[in-house]
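I've put the structures underneath this note.
Shared between the two complexes below is subunit A, which pairs with subunit B and subunit C, respectively.
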Partner chain A sequence: MGPLIPNGVITGEWDFVIAILLGIAFGFLLEASGFSSSRNIAGVFYGYNFVVLRVFFTAVIVAMTGLLYFDYFGWIELDKIFILPTYLAPMILGSVIMGFGFLLGGFCPGTSYTAIAIGKLDGILFTVGLFIGIFLFSEAFPLFEDFYYSGFIGNVTLTDVTGIPAGWFAFAFTVIALASFWITMIIEKKVRKNIKEYKF
Partner chain B sequence: MKKEKLHNTPHYINPYLGGVLLGLLVIITVYITGRGLGASGAIKSAVVTTADAIYPEGARENPYYSRFISDGHSPMYNWLVFESLGIFFGGLLSGIIFGRVKKFRVEHSPKITSKTRLIVALLGGILFGIGSQFGRGCSSGAALSGSATFSLGGVIVMLLLFGTGYAIAWMFKKLWI
Partner chain C sequence: MNRNYIFLTLLMLLLATGVLFLPEKPEYKQTKPEDLLYEIIQPTRYVTTDQVAKMIIDKDPSLELVDVRDVNSFEKFSLTNAINIPLDSILSESNQEYFGIPGMKVVFYSDDDIKADEAWVLTRRMGYKDTYVMTGGLNRWIETIINPKMPPDDAPYTAFEQYEFRKGAQMYFTGVKIEAKTTKAKVTVHRKKKKAAPSGGC
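On to the complex of A and B.
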């Protein structure tokens, strides 16, 4: 039956209504989890607040496992869903640049929108920066067009590349996530004892 | 005194509850639309729209803009633009419910000034914007939704985005603690 829109169960005219409703739920969860604050987010890199790791890893393992169950029960055809393509070298470079942006800015795009919503000027500046960055990228695009399309492997999943069933990856991620929840809980307690700059 | 302290504590939901709900939201989104959530795509649409409005000929010759320009409709008429509007309103709704919507302010570590924070936030945004184009998405579209659908590229972005953050955190310690 699913995915509903690609399979024509829901017609295209509902697309944008659904987009806004899903967006509202997304924004609500980001803000309610504390991601409208850059200092909460950056805490993951200094050990004083691991909320990003907790929310993000939990979401990934729930979504991974859930999608496999949906597939198992025949509710969704996984071969009809969009798989993000892999362009190896450009994506490696892009992630490293995003890593710098994340640490300096303390936001990622989605969280900066929620920061603006509650009145954070730094959220506005971050979003303006996104606009400038994408503009600069686009204007300079002819210079590195070949690189941008290099290293294309396809719209591949971990299973396509390794031959290991998706369930094993979901299991491995779950184990890693649970271990990291436990370890970071200990780290956070120790770091918070010696920190004055941040109020909890 | 105790009451005042309680009042100053931000009321965030339990992070594991937030994570479970966010994971369910990804499943619902994939179930309905066949793809995951995103955020940087909306700004890209805004950039393309602006370029097309200011210098349509140049924009249409540019091999990047031209991928997203069509004569049928504006680049703003796009799923991710509507979804991102939703993100803003969802954030506003949560902020109102939990009492965090206040007049415009800058949040920063006591070790830096507001001005420094604003400059660094702008710089961070610029880098994130550039990186998201090479990365085929940001933390929402690539790292979260990509990883959740077992995409190799998604997992690479997730690991390297956070990995880079940890690798360089010591350099920018003063900005945060």
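On to the complex of A and C.
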């Protein structure tokens, strides 16, 4: 059945409607997870708050195993979904820069907007900086264009590169994620005396 | 510890373990059934014997004639520059190099359409493009190119043009001499009556 648009279940014009709905859901969940506070986000680097790690790991393992089951049930054709092209060295450098930005600013681009939504000044300043950065990057792009496109290895997945079935990666990743949930919970308890237990 | 966390952790672990036992889907790189059905009904996948003859005569470098009959039949008679890939070995690894060459038009033929059509479907499902079937196969070839029939008198002008081409092609492929097109009209020579020879003198 899915993906819906490539298989012609719905037309391409629904792209924007779906994007808006997903955007609203994403923003809502970021805010609900406490990501509009830079303290929560930067806490993962200082070792007192691991909510970022838990939220993103949860999203990853649920989506990952879910997609594999969906593929098995025939609800989505995994070989039809878009896979981001991999540029190895530029991506490693990019993620290091992203990590520094995360650590220094206390936001990632998405969370800075949720911070604006609830009227945080640091969020607004972060977003101004974001646009200045985008502008400078665009202007200086010819300088590092060669590096930007270097190390291209195609639209590959880990299964394509290693030959190990996707299920094994999903399983290993889930085990690592679950272990990290419990370990970070113990760390948080030791580091923060006044921690309140997460309830749901 | 919150009991919900323990429950969710176990559930997630169970689901992730289940993922290990999902059967791997075999990957076939082939045309989708809907696309194939659409292409099967397109008349453009056929070429006529006339078109093939013209391409052979023009020495069209993009033409790749593939004879899908067995080796014996191929050795008895085949078209100019055709290669022989019997239908039962069309999927073999060593024959794959003949297909999918950019710019080449693969034209299948057999005694009739049937085997050539099968070859077309097989190669098309494997994703090769630019493959065609010669309509009517060698039977039609003999009928139209080797022994072309004169169209009836009331046939349209194009039929005569086609006939002329086929006669030319017949000459090219078989080497028969073509008889003169114009019927011989009886030539009657009207001679001038000789004037009486001068006799005598003035």
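Points to keep in mind about this one:
In the analysis below, the second predicted complex is superposed on the first by the 193 of 200 C-alpha atoms of A that agree within 3 Å, B and C clash if a C-alpha of one lies under 4 Å from a C-alpha of the other, contacts with A are read in each partner's own complex, and residues count from 1 in each chain.
By our rule, a contact is a pair of C-beta atoms (placed from the backbone, for glycine too) under 8 Å apart; a residue touches a chain by one contact, two chains touch by 3 or more.
Everything numeric here is computed off the predicted structure, so don't read it as measured data.
Superposition of the two complexes onto subunit A shows subunit B and subunit C fitting side by side, with no clash.
Of the two partner chains, neither subunit B nor subunit C is touched by A:Ile164.
Contacts of A:Ile176 after superposition: neither subunit B nor subunit C is touched. By the document's definition of touching, of the two partners only subunit C reaches A:Asp79; subunit B does not.
In the overlay built on the shared chain, the residue A:Asp71 is in contact with subunit C alone; subunit B does not reach it. When the two structures are aligned on the shared chain, A:Ser38 is found in touch with subunit B, with no touch to subunit C. By the touch criterion stated above, A:Met98 is placed in contact with subunit B alone, subunit C being left untouched. In the superposition on chain A, contact of A:Asp15 is made with subunit B only, not with subunit C. Set against each other, subunit B and subunit C touch different numbers of residues in subunit A, with B touching more. Aligning both complexes on chain A leaves subunit B and subunit C separated at their closest CA atoms by 8 Å.
When the two complexes are laid over each other on chain A, subunit A has residues 61-62, 181, 197-200 in contact with both subunit B and subunit C. Only residues 2, 4-5, 9, 12-13, 15-25, 27 of subunit C touch subunit A when the two sit together in their complex. Residues 2-6, 10, 15-16, 18-34, 36-40, 42-46, 48, 51, 54-64, 66-67, 70, 75-76, 80-88, 90-110, 112-123, 125-139, 141-142, 145, 148, 153, 155-161, 166, 169, 181, 195, 197-200 of subunit A touch subunit B in their complex. For subunit A in complex with subunit C, the touching residues are 61-62, 65, 68-69, 71-72, 79, 165, 167-168, 170-171, 174-175, 178, 181-182, 197-200. Note for the complex: subunit B touches subunit A at residues 8-10, 12-13, 15-16, 18-37, 39-40, 42-44, 46-48, 50-51, 62-65, 79-80, 82-95, 97-98, 100-111, 114, 117-169, 172-173, 175-177.
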